[in-house]
Structures are given as C-alpha cells and as structure tokens.
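Note that the chains are named A, B, C and D in the order they appear, and that numbering of residues resets to 1 at the start of each chain.
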C-alpha cells in the first residue's frame, strides 16, 4: 500500500510539472487555463490520495480535501476565464471561431 | 534596468534568508527559559516526563496547545481587550461608511459561482466551527475560525447581489461579547478571580479537556466572525 | 432547519474528525444542527426520498466515467504541451443543454471544464459558452456529442 | 523514502518555477492570475505532502485553510477584474 501511495505521489508530481509547463508555453490566457486547471486538478487528486494511502489515518481528511479541490478548482478557473472574456482579452491568432460574440452577450 | 535591479535585490534577500536558516535551532531543541519551560510542563509537551499526551489528567490547564492556554486561560483578560479592539474598529468602519446607498457590481453575478457558493457555504461555516471548537487541541482557535467564517460570508457577497445581514451580525456580536463577560463573572462568583478556569479539566488531548477554554474560544469565534462579516458587509455596501 | 444541509455537514464533520470519538460526534451533531438552521435559505441542493439511489448512481456510474475522462484529458494536455509545435485549433462555441436544475447544470459545467480540451466560460439559461481547444465541427449535433453528450445523459439520471 | 521526497520536490519545484515565470512575464493581469491560481493548487498539494514528510497530521488542516483562502482570492480578484460595464 505504501508503494502504491508513493507511485500516486510521483504521478501527481509529474502532472504538477506539466501544469507549470502548460502555463508557461501556451499562447493565450484561455489555453493556459485549460492546461493549468486540468493538470493541477488531477495532480492534486493523485498526490493527496497517495498521502492518504501511505498513512491510513489521513485518509478521511484527504478525501475531504479532494472533494473540496474538485468543487473549487474548476469554478475558480471558469470565473477567471469569464472575467478575461468580458474585459475583452484577445485570444491567440489561431482562434478561428467565436460564437459567443464578446462582451456581455455570453 | 529597474527590473534587473529588483531581481538582483530579491536574489540578495533570498541568499540572506537562506544563510540565516542554519542559525535557527531544530524543532524541539530550542533552549528555553525557565518561564516557558514551566508553562510547557503545565501543558503537554513537558520533557520532564511527568505529563504525557492522552494520559495525564486533572492538570492546572489541560490544553494541548500551549499558546491557547496562555492566550485564553492565563491571559484571558488581555484577549477580552483584543476582542474589544476589533469591535471598536468594526464600529469605526460602520460609522464612517454608513449613510451611503448600496451600489451593485457592474456585471451580473456568475451562474457557476453562485450555485457553487450555495453548495460550499455551509461546509465553510462548519469548517470555521471545527477550527474554533478544536482550538485547544490544534493550532487554531477563535480568531482563525472567525476569519474563515468571514471569508465564507465574503464569498456569499461576491456571488449574490440581493443579500444583507447587517442586523443579524450586530445581534450575534453583542450576544457573544456579553456571554464572554458573563463567563468571567461566573469565575468571579465561584473562585473570587475574574475569568478563572473554574471547570474541571480532563485527560490532555480529549475534546472536553480544558475547562472554560473551548467555551471562550467558541464565543470568540462567533464574535470575530460576526465583526469581520460586518466589516465586509459595510465595505460592500459602500461599493 | 434544512435536512439536506444537516446530512451534508454532519458527514463532513465525521470526515474532519476521522470517526474517532463519541464526544466529537455529539458536538458535530450540534454544530451541523446550528449550521443547517442558519443556512436554510441559501442552499442549492434539495434531497428527497430517492436520495440513496442517487448516491449509488453517482458513485458507481458518474465517478468512473468522470475519472476516466479526466485521465484522458491529462494525456491530451501532456501531448499538446510536450509537442514542440503546439497543435492548437481553438475557438469559442455554444452548446445547448437539456438539464433543468441548477445543481445539475453546475456539475455539467465542472465536468466539461475537467474533460479533454474544453473549458466552460459561462452558463446562461440553457446555453453554455465553451472554449474548445480543438474545434472539430460547428454542427450542433456533433458539437453536443463531442463535448457534453456522455455527461448530460448520466447527470440526467443522477440529479433529475 | 528520502530519494522519493527529492524527486517530488524537484518536479514540483520546476512546476512552481514555470508558473512563477508566467506570473512575472504575463502580458495581462488575467495571465498573472491564472498562473497564481495554478501555483496555489500546487502549493496546496505540497502542503498535504509535507504532512507525510514531517509526520504531522495538522498539515492537512492547514492545506484545507490554504485551499479555501486561495479560492476566495481567485474569485475576488476575478470579480474585481471584471469591473464595471
């Protein structure tokens, strides 16, 4: 069980690394949020579950933290993306389609 | 040029902090004065071997957290004053900002945010209660717990336009403040000293193990939460 | 008091204190009672008699699909980030949803945010505005099937 | 298990470094806030991991408080950025 826990923690650390890299490399704020949110959410799940597996006493609280992150992290990035869209931050030049028509008519 | 300079300064500061790190003693190996050793021995982590977590009972003060025992038991009168300071500042904010008409945010609140705060808010309040109920066992207590509750109220204000709780806040604040003084007066009646710890203390590490400390921390938690929520409400009303 | 809030907060308290002590459970009972009395007006989810069935459906149908999609999403992100040429074809698209309840719409938005290549910007009545990292098609049916099809079917079974 | 701790901290350190760079470079404030959000989640996970390193369960409470405050912070700054019409 301890070995399984450490494997989970290692996978989570790798996804944290990927999240940072995605934040750095992607061309505009929306793509950055996509990469950052997905990678860090799965990374957190993996790390925290791994900690819960290594030490079984921590498992209930670890599950609680996982539920909390699953609820708050997508909401935070969604609110941030909406704010960026509303103040009219231009997406990258590769963006071809825009059905939401900017401004307040989301 | 300015950026380069600031980066240089930050690097220098980081080097300075790293170079001072080895000077800090290791955890649990600090050389203590007689007074702090005496207080720690009265609480839990005494190295003398006569007090142990989860075993010893009926101590002078059963809190597992030394800071809590000093703040809410030995120097409880001082804490009453601190809470009063916070109350005065909340009152000042209320007086300065009252009389303005309530303005709204420019944009209508986000749907996702509104619904998710609706689900999260009871859990945030419960977590604040958890922090201040376990103030004598964990590093926490009335002030952080109240702040967590106020953060929840702030989230509610950010996500919900039609919402006002100024009246309730004042009510809770007054009730918990006067209950604090009443607990102190009970100590005066029982043992002749204001705010003395007159309840029995149990085994160190249990939930009911520290006399009046948890009760006072619950009252402080309610009071601080209400005061900070009141400040948030006044600031939000001002726009 | 609101009974659904009470159940959720009491369960949260049990997780926080790790099911240890009778006194803790007693104190938690009172704490969640107070919270549920205070919070009866501002709460999104209402539970009813079918609640246990819903929990079972949520755990055994929704969660496996969700976790599988999340793992796929992360391999997708890894592929895009580690590829030197950054394959992107982003765009903002609108998707209609049939879900009615607020909480199920929230779950749908969160699920879309965490699954491959999509990020929910906003929900307005029955339309979701979504940033899609790789726009395949602008046809209504294909969009819906690619982005929200699976989750919408499952969430309809769980919440409504 | 000491080597594993080092591996974890090196990987996470690079992640933190990259998002920090984005926070310094970011052309708009939304970019900076996105980087900050990512950084906060990474730090929450790291605090949970510290519970294992220092063998002290209290770090889980701290992680919960930190996650809550970082959520409030992200939402607050985003609402501020939206501004008036």
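FYI, a contact is a pair of C-beta atoms (placed from the backbone, for glycine too) under 8 Å apart; a residue touches a chain by one contact, two chains touch by 3 or more.
The structure presented is a predicted model; accordingly, all values stated were derived computationally and were not measured.
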Contact-richer chain pair [A-D vs B-C]: A-D
Distance from subunit D to subunit A - Cα centre to Cα centre, in angstrom: 11
CA centroid of subunit A to CA centroid of subunit B, Å: 31
Separation of mean Cα positions, subunit C and subunit A [Å, integer]: 14
Residue list for subunit D, restricted to those that touch at least two other chains: 61, 64, 68, 71, 75, 79, 82-83, 85
Sites on subunit C at which at least two other chains make contact: 12, 16, 109-110, 120, 122, 124
Of all residues in subunit B, the ones touching two or more other chains: 107, 110, 112-113, 116, 119, 123, 127
Touch relationships between chains, expressed as pairs: A-B, A-C, A-D, B-C, B-D
Subunit C partner contacts - residues on subunit A that touch it in the complex: 15, 18, 21-22, 25-27, 30-31, 33-35, 37-39, 41-42, 45, 57, 60-61, 63-64, 70-71, 74-75, 77-78, 81-82, 85, 91-92, 94-100, 106
In the complex, subunit B residues that touch subunit D: 105-107, 113, 124, 127, 131, 138-140, 144, 148, 151, 154-155, 158-159
Residue numbers on subunit A that touch subunit D, as the complex places them: 6, 9-10, 12-14, 16-21, 23-24, 29, 32-33, 36-37, 40-41, 43-44, 47-48, 51, 54-55, 57-58, 61-62, 64-65, 68-69, 72-73, 75-77, 79-80, 82-84, 86-87, 89, 104
Footprint of subunit B on subunit C - complex, ascending: 5, 8-9, 12-13, 16-17, 21, 23-24, 27, 31-32, 34-36, 38-39, 42-45, 102-103, 105-106, 109-110, 120, 122-124
In the complex with subunit B, residue positions of subunit D that touch it: 58, 61, 64-65, 68-69, 71-72, 75-76, 79, 82-85
